[in-house]
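Here come two complexes built around subunit A, the first alongside subunit B, the second alongside subunit C.
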Partner chain A sequence: MEPTFRQSLNWLHTWAGVVIGPLLFLVFWTGTVCVFDKEIDRWMIPQTRLIYDGTPVSADRLLAEQRKLPPRQAPWAMVMPNERDPFAWIAYRTPTGFDRKFYDPVGLKLLPDAETWAATRFFFPLHYSLHINAWDIGLWLVGLAGMAMLALSVSGVIIHRKIFADFFTLRRSRQPQRALLDLHNTAGTLGFVFYVAMAFSGLAIFAATYYPSGWMAGFKGSQQAYFTEAYDNYFRPPQKKPAAPVASLDAMVEAATKAWDGLPPFMVRIWLDGDASAFVEVRPSIEGDLAMRTDPFYFDAATGALLHRSTTRPVTGLQQYLVGLHFVQFRHWTLRWVYFALGLLGSLLIATGFLFWGESRRKAHEAAGLGGVRFVEGLAAGSTAGLVVATLAFFVANRLLPSGATFLGGARYELEIWVFFAAWLATFAHGWLRRGQAWIELCWIAAALAAAAVLLNALTTGGHLARTVAQGQWAVAGMDLVLLAGAAAAAVTAFRLQRRKVAYKNGRLVRQGHEGVSS
Partner chain B sequence: MSTALLAGLLAAVLAAAYLGFALLALSQDRHWHHLGGARHCPPRLVLPLRVAGYLLLLAGFVLAIVRDGPSFGTLLWVTALSVAAFALVCTLTWRAHWLRPLARLLQGFAA
Partner chain C sequence: MANRTTLSAPAGAGQAMLRVVLRVAAIVLGSYAASAALVAAATTLLPFTGVARSDAFTLSAALGFLVYLGLGLWAAAERSLVRLFVVLASLTAGGAAVAALIAGGAI
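And now, the complex of A and B:
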């Protein structure tokens, strides 16, 4: 135990930060990437680069298309197009996961399958479960990171000695340690509300997993019973008898739309398809409201009669508000960009905190002959800059791998993921081997990969900036522009780090004892 | 609401937050001095600067609510505060001379 409260919290902040830092950065970075999940999907799945003019798609016509597909397990769902996902899709739960088919929104022509997991299926699950599904281990690890983020935020405020006096202060120090701490403090103070809101709402999304005692006590240990009660879900058991044909889905959608004051449908799902008990769930669009409300309508599939209309419970409403706040699936481009910017600021916060730890101990550890500092430096480079490089390598692989490619039994989408993890692992090795040069080289690699991704996109899809801007394909154009901006930022950083290193070597830069704001 | 009005209100929200934070920063000796003032911010200017600063932040809140309604408006305001404060910190660090005219104007009041 440390002698004072503040020192105790300083100890907590330091070690929780160092131990959880890599995981926290992973969660924050992938979360930031997922702010533009649909836009990344458009970029990585070129056949879905369509423009949707808002004309409603007939659910009956989609049903007719679904009947042409080989039979699969129910339930399955039809998802209607919107601005960011400009195609209709049919989704199935399969024994091994999830499968989907895309249809163009005008002629309902079947589009080629996606050969990538892109953002919605790769980065998004990586963000909340690390793709480790056994015993929910990934979910729990991310939950731990979320709790740690809250603890780090609170302890960070307490150990910050002059939070108001230094509120607007960022010293232009040439001393890396001072500059890193100032950047860490500034990024932490200014984005504080956002980080706490994201960590808290993130935990609230999986409240039923993280805090199971409530439903275990209240619903005799049945999570299903809790969900049915909280979300007012409807279900009826199958009759094991063949079903009558499905009545008009469009009529059901129209009835629901009228009750939602004209809100368009988001999803139409058929439960127990083929059974006499089959019923249809219609959910409204979630784009218009901050709270991610579901409030579905349930209809009898054979007759089209209304079976049940869900009403959100007040507590569920609050949870859905937190979920909506976290998911940013609403239509608000300003907020989307602000989330992205604040996500980057949060990534900077975690990275600088991590680097400060190493920088402030480097001399003492080297003097004491401890090898640990070398290990942590490699870890810091790999888990921050390395992750950015891996993300960019994933984009480049997406544009380089030919359609239908397989390798060692891995399908094309798996190869992309292999590239991601291989590139990431390589950056750790690089960080340990090329100590001192690692950051400069990683910055150059990131700049090259980002520029290459833009170039490859133009070459392989013809969707270069001049064309995408002219056609109003803002998802693709925006992705290219962000990549180019990232490439420029990485190149400038690499150049400056290089120059500073040379200056140090030549002895022109002496560590300054006194540093004013304007130095 | 027209696109132009939406864009104008967004700019106004950000501008109010930025200017509000700028006044709050100027009420601190360090930034007052840094922007060409005397060593200390004149005591009779400190309170008015802070009141005006907070009022501008509040004005940003009202504008955000007018633009986007209570739920999106609140979120827009809270996040815009972070963005504006970060923009101000960057200005103070790398482009402080942009704020000199504002500082000179306030020095005129103090004299």
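And now, the complex of A and C:
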């Protein structure tokens, strides 16, 4: 393409970065947010701000609670509490999707429904499917972003010959273009392994979606047949006859726990509930291991007899390591913070790369009268800082909307999502209208929203920092502290950008004055 | 005129644009098609070495992303568009043929 291999990859790096940049930032930012998805859920769903002391919850008692709910379509599942999700919950399918009922882990009292999608149902699906479910378009777009991330990482290394020199080169340059490139290179080298690992493991999770050619050839066109063999899933057909009462679930859980060397259960699922073929699937907790192993036990619901124990195949086990690496469901707070920090660094990498494109072309394009830079600058402001602002607006909306609120037919949880997208769209318009000022103003808005979120949390739930820290509510306290740190960082950035702008203007005025004298 | 397929060669703007479009199509679509065909071929071939079918696909698909990456980077750098399309088309056709023959029970 270009005269040399390196120049060709530079071309690829530049254009793939500019075209995929906004999508890539969205995926990286939401992924970073989801490192603390459960903690954000606690903050956004105040009725679940509980503390779980580790006492096992009786599956039989949960079943009794489930029987009080209106009849549901099978299968349905009960999920056991843990440190990050300190409540038991029952998940069932509805005609329109799926729903959850929360129970406090001690008395199994039914908690009020969540009137928000919070992080686990809004940011998490946004991260992997963009909430575009038709024909899996969202999944494919995110997959494209993942491949682009791999290509950008590899091409980035190849085009930077002085990679180890760059590692130590962070010049505090006054020239924005140079400073952006230094920041981009430093963020790129520091987190390189993480970005590649996340992009690759993310792709591997949806391998069966991205490479249908494989299971079409190997499994006669049946994706289900592949999953059944890979995960050693068990199923038996319904008999269309009424079921005998369910035997003791606790006894089944105990048998499975013993076989897992004491690993607590994560989930108990009843398949074909109400049919004579009903059976129970028990899965172990995934908190203790990096690999996201499922390894379920299957029991006959009526007799409690063991029907099947799944064993993981060697390569599936490898796949589960990749999945576990990406999902971060293991219990390790230090590692979780490292994921969060590297995620922020990756977001910075993408944002600075994007901005560098504009900065390095601004003068030439302005001289040539091209509008491309202006367009990309607005796009950059909206798709990076704007997304951060939208995220914060989502949190603020969560604390401001009253319970049961509806507007134009939208339920409360939908209103929060509308606020998110409306705020995001507004930042694009802002970026195009207030060119030059957009970044400074977006930083001030982000700082104000983050501080407002903390304040509103204290006012609406009483969970201010002094109380949450004293009570050991680290999910809520941590969220507040990160919001405050973010507010401070945004304010400092806004202040410095403003000062630099003034200094730059004065400098230019001085230079112009000087030229005026000399001419 | 050794560089007839590079953008720097003297050519009309329309022709240059067409070359960029073909280049991008080769990187994004052509490399994917070739990797997908090779994944299908590997999924059907690996079981002959004693690997379970599901493991064969899980492994092939994971490696498929790396093949896609390698082909995509090469597609950005290869000077001759003709050679690029010949190689990508051969890999796609070859992989698909192997997979179809084995899956169809011909081998």
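By definition in this document, the second predicted complex is superposed on the first by the 507 of 519 C-alpha atoms of A that agree within 3 Å, B and C clash if a C-alpha of one lies under 4 Å from a C-alpha of the other, contacts with A are read in each partner's own complex, and residues count from 1 in each chain.
Heads up, the rule we're going with is that a residue touches a chain if its C-beta (ideal position, glycine included) is under 8 Å from a C-beta of that chain, and two chains touch if they have at least 3 such contacts.
Bear in mind the structure is a predicted one, so any value in this text is a computation, not a measurement.
> Clash or fit: subunit B against subunit C, after overlaying the two structures on subunit A?
Aligned on subunit A, subunit C fits beside subunit B.
> Output check: A:345 vs subunit B and subunit C. Expected answer is one of first, second, both, neither. What do you get?
first
> For A:325 in the superposed arrangement: first (subunit B), second (subunit C), both or neither?
After superposition on chain A, A:325 lies in contact with subunit B alone.
> In the superposed arrangement, does A:334 touch subunit B (first), subunit C (second), both or neither?
Once the two structures are laid over each other on A, A:334 reaches subunit B alone.
> After lining up the shared chain so the two structures overlap, which partner does A:8 touch, if you call subunit B first and subunit C second: first, second, both or neither?
In the superposition, A:8 contacts subunit C only.
> Pick one for A:486: touches subunit B only (first), subunit C only (second), both, or neither.
neither
> Quick check for you: in the superposed arrangement, does A:193 touch first (subunit B), second (subunit C), both or neither?
first
> Counting residues of subunit A touched by each partner, does subunit B or subunit C come out ahead?
Counting contacted residues of subunit A, the larger count belongs to C.
> Just to be sure I read the superposition right, which of the two partners does A:431 touch: subunit B = first, subunit C = second, or both, or neither?
Neither: A:431 stays clear of subunit B and subunit C.
> Look across subunit B and subunit C in the superposition and give the shortest C-alpha distance you find, in Å.
20
> Which residues of subunit A are in contact with subunit B in one complex and with subunit C in the other?
On subunit A, no residue contacts both subunit B in one structure and subunit C in the other.
> Please output the residues of subunit A touching subunit B within their complex, sorted ascending.
165, 167-172, 186, 190-191, 193-194, 289-291, 321, 325, 330, 332, 334-335, 338-339, 341-342, 345, 517-518
> For the complex, give me every residue of subunit B touching subunit A.
Subunit B residues touching subunit A: 10, 21, 24-25, 28, 30-31, 34, 68, 71-72, 75-76, 78-83, 85-86, 88-90, 92-94, 96.
> Show me the residue ranges of subunit A that touch subunit C in the complex, using the header's touch definition.
Residues 1-3, 5, 8-9, 11-12, 144, 147, 150-151, 154-155, 200, 203-204, 207-208, 210-211, 213-220, 226, 229-230, 313-316, 318-319, 322.
> Sort out for me which residues of subunit C touch subunit A in the complex.
6-8, 23, 27-28, 35-37, 39-44, 47, 51-62, 64-65, 68-69, 72-73, 76-79, 99-100, 102-103
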